[in-house]
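Structures follow.
The same chain A turns up in both complexes below, where it pairs with chain B and then with chain C.
Now for the complex of A and B:
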């Protein structure tokens, strides 16, 4: 039976988390929303106002294009990460406990690397003098060493490297809970290992796959260092521009407006995933 | 040789031996129960037939062909799992035709197969239902229909009825037996429930600790258990040990028993089922096959009466019907009769 809270003291237990949320999330976010409507003062900082200029400027084709690229890049990173991580995690969950622990510790340690380290690490690996292309030459695939960075491929590589451990850790519980007899029964009914995986494991876990895609997407959308370290200016994301506007152009109101927009995009995607999940569960 | 043959099959998981060297023949078209307590290796044996576990040593032959190394998905055996393992993302009909669909059977043929199979398991007009909307018994039937969709050579079931309540389980046991007789398909069921095995099986394989103890029809398993484990696991029994004291005579604590098939000399154990023991009032009688005892407790269950007796220090249980109830009470001295054909000599376990 559910007991409804009646008095003020019944609500006291949620006071602390509510306070933390208030101080560290609601208030800063409220300030950011307010700033996004402020007016920039040339040569100074900004002054309180209520104008839509910042949003209007954002809707030009230049920023629209960047927003489109950011969303496309994040989506591609999410898809590639899940495509790689899902089979990997599936195989990992079928291994001995010790092997699983070793892999998970390794992945966690990758996750602890900072974006800066990952960026510089990959830019070295993809460079002409010290990079992977020298190995390819030694094997005979390339004629002479070449620089693979900066390029779109380099940005993708760095970002997938960063999101892969995260994706594995998010998929791991769902995949290790998957009933192994589902795959066994598919095998007794005549499907080989690959077909059982595609016909049974993937559909049985489509909710987890969709929610993981969205989580990785949101995670990748906020990425701003790797595109700068591994990409050309045409590969820069909205997050890079926000940093640029806020720190180098001192245009806080415009940066705030872009940030609010980015948050709205992320939130709407999370909302869609929740709705989708609810519908699935109801069926 | 038609049927399923195990040739010196062994299964080890690391240091642990799940199935000790086993040779066994299962004739074609029979309903066989692998019966034993949990952890006795019966499920491992079944999984080796299906190819879900690889045998450590030995061969499995089906109709003379070696199937030991054939991968599961090429064996074409139907199997029902303990948890049924219906595909949650598919409807009843899609679950049933899954094996046909992946073999490229046409849509029309699939629809016909669904109808035929659902009629077979008495679940008509359910094809469109999602699996999550079914009751336990209905899920059971869908799992059976799916396993039979390929018309397999072998029908394997791993504790298929354990999730059902007692009443439903009994009716499903009879239904499963009738289904098997109708299709004439070699069927192997793993169970720990001896009543279930007695109800359904043509042949019972009693196992414990990775070893096969006895392979025989159910009635023979009950009447002529081969060793103490089988006698004790199937129904309840009284185990009495004694020493051979002459032709057909066995000296036990408190007197002499008579039995067939006694070896010439040595120590043996006999099993006597409680319902075969006759109890009479008064301790006068002391001929061979009859021992003096004392009633310690009487439990009247209405349909049957259980008498707990103390015979020369050993606890003996006897069961009788109300019409045959002797006029005795706790503490009375009684004569306990062990008919000659009820004393079954057991081998070493």
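Now for the complex of A and C:
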């Protein structure tokens, strides 16, 4: 049974989170929107104004292409992460409590690694001089060691490595709450383990899967170090260019305009998928 | 406030232990020393890594010994990143460092935005030694920066992988260098437009017009297939160069020398067209409240003996005339070259900043 909040004091408990959200999200985001309309002073910094130049500069096929690539990359990372993490988490939730704890602690420790460490780690692992291709040579699969980074594959590997533990942790509660009798029924009725997983477990958790996809997508969209450390310039995402403008060209207004655009695009994608999800539920 | 105090005392103890300087004594002795260190201390920014380590080890302790002013050194990122941080902090009335070493493109941008404190030459008699071209001034003629060190970006190679030292920047365009180069990723710190103009277009005059710059960019586009890594972060290339993963590229002569001295198979060559000569200036953030101490520091650093020490220990080239230093021929040759250097067209990077960065990004990304 739901109890509806009636008085002002009923709302007080959300006062603190709301305040934090205000101070650390709404206000900074508002400042960023304001800066995105400021006038860039070439060769120096910027001054307050209300101009659309920064958005106009962004609306070109060049930046359109980069925006498209960034969104595609983040979506692909989200899909691959969920494809890997969903079966993994399912199996994990069936294991003994002790094993689960060990795995979760391990995943949490991977999550605590900084992007810099992950980037440098993978660039060494994928290098010609010290990387895993040397192992492949030793086994006899390759003739001579080769450099696997920078490349698109390297960017994908690094990013999926980074998002995988996150994905598992997001999926874990939903999967561990899944009623085991659902699968038992399917098995009793003659489904094999794979079939019951695909026909029962996956559809039952469709909403969790969609929301996880969205969370990982947004997480991956903000990634800027890995594409830069593991990718060629053609794999640089919009986040990399935002950093370039903000940090290296001291062009805050243009960086802010690109960032606002990126946030709006990702918010609308999230909104679309939520709407779609609602319709599905209603149907 | 308490937190800040704690931060400073902990750091000054750490810095002191690392430097073996008087600060360590003060820190270990207890609170009175810490309080004194806070009264006469300067936060000084130097590029993080080998560069700052050398300053911490060889230069700052000398300064503290001579003046009693303790130094809290701040690892600053290369180039513009630090400028942006200084500028943002100055807007909030903060100074992450009192004195910083600032490269020339950043000096110009900072001057245009007016973030540097005006310096008083009368308080710094030693800056007479510094060559006039290394003194930065505001439009009204007041001094805002004093040449700290100059450095070269040269052609570096891994001597295990590339037996013959390259002799010209043309080497970057050779087809057999495919996938072997590491170059700086930004137009304002790679200075590759200047290099290409000097190497293929008979000089930097072609960079006067947008048309000319586009021609130079077209030529640069030809070497894109050779580039394995466009790096923003020095450490990224340094590691790959040492291991031979990326055996050639452009890099800082001084840091390459330090790596070679540590036994890595790294060599730095001045190409026949000249190395790229850039310089760093000491500048004081307008938000700093320690302008007086900053004057003492800049004056100290402008002495010919200290410039000599910098060349010997950090590997930079002096900003005072060579004749004033006690560098031997061999020592001077190790930090500089007789070949006429390529001096970047700072005016171009300043005036066409946004257009250049846009064209440059399109050049390397597409």
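Quick notes on this one:
To be clear about the criterion, the second predicted complex is superposed on the first by the 251 of 283 C-alpha atoms of A that agree within 3 Å, B and C clash if a C-alpha of one lies under 4 Å from a C-alpha of the other, contacts with A are read in each partner's own complex, and residues count from 1 in each chain.
In the analysis below, a residue touches a chain if its C-beta (ideal position, glycine included) is under 8 Å from a C-beta of that chain, and two chains touch if they have at least 3 such contacts.
Since this is a predicted model, take the numbers as computed values, not measurements.
Within the superposed three-chain arrangement, the count of touched residues of chain A is higher for C, of the candidates chain B and chain C. Contacts of A:261 after superposition on the shared chain: neither chain B nor chain C is touched. With both structures placed on the common chain, the touch criterion links A:62 to chain C but leaves chain B unconnected. When both complexes are overlaid on chain A, the residue A:249 reaches chain C alone and has no touch with chain B.
Once chain A of one complex is fitted onto chain A of the other, the partner contacts of A:217 are absent, as it touches neither chain B nor chain C. In the superposition on chain A, A:234 contacts chain C only, with no contact to chain B.
When both complexes are overlaid on chain A, the residue A:172 reaches neither chain B nor chain C. Contacts of A:182 after superposition: chain B is touched, whereas chain C is not reached.
After overlaying the two complexes on the shared chain, residue contacts for A:164 are found with neither chain B nor chain C. By the touch criterion stated above, chain B contacts chain A in their complex at residues 50-52, 71-79, 81-83, 85, 87-89, 98-99, 102-103, 130, 132, 146-147, 149-150, 156. Looking at the complex, you find that chain A touches chain B at residues 179, 181-182, 184-192, 195-196, 199-200, 203-204, 206, 283. Within the complex formed with chain C, the residues of chain A that make contact are 40-45, 57, 62, 66, 120, 123-124, 127-130, 147, 150, 228-229, 232-234, 236, 241, 244-252, 254. By the touch criterion given at the top, residues 79-81, 83-84, 87, 108-109, 112-113, 179, 185-186, 188-189, 228-230, 232, 236, 239-240, 243-245, 350-351, 353-354, 357-358, 361-362, 364-366 of chain C touch chain A in their complex.
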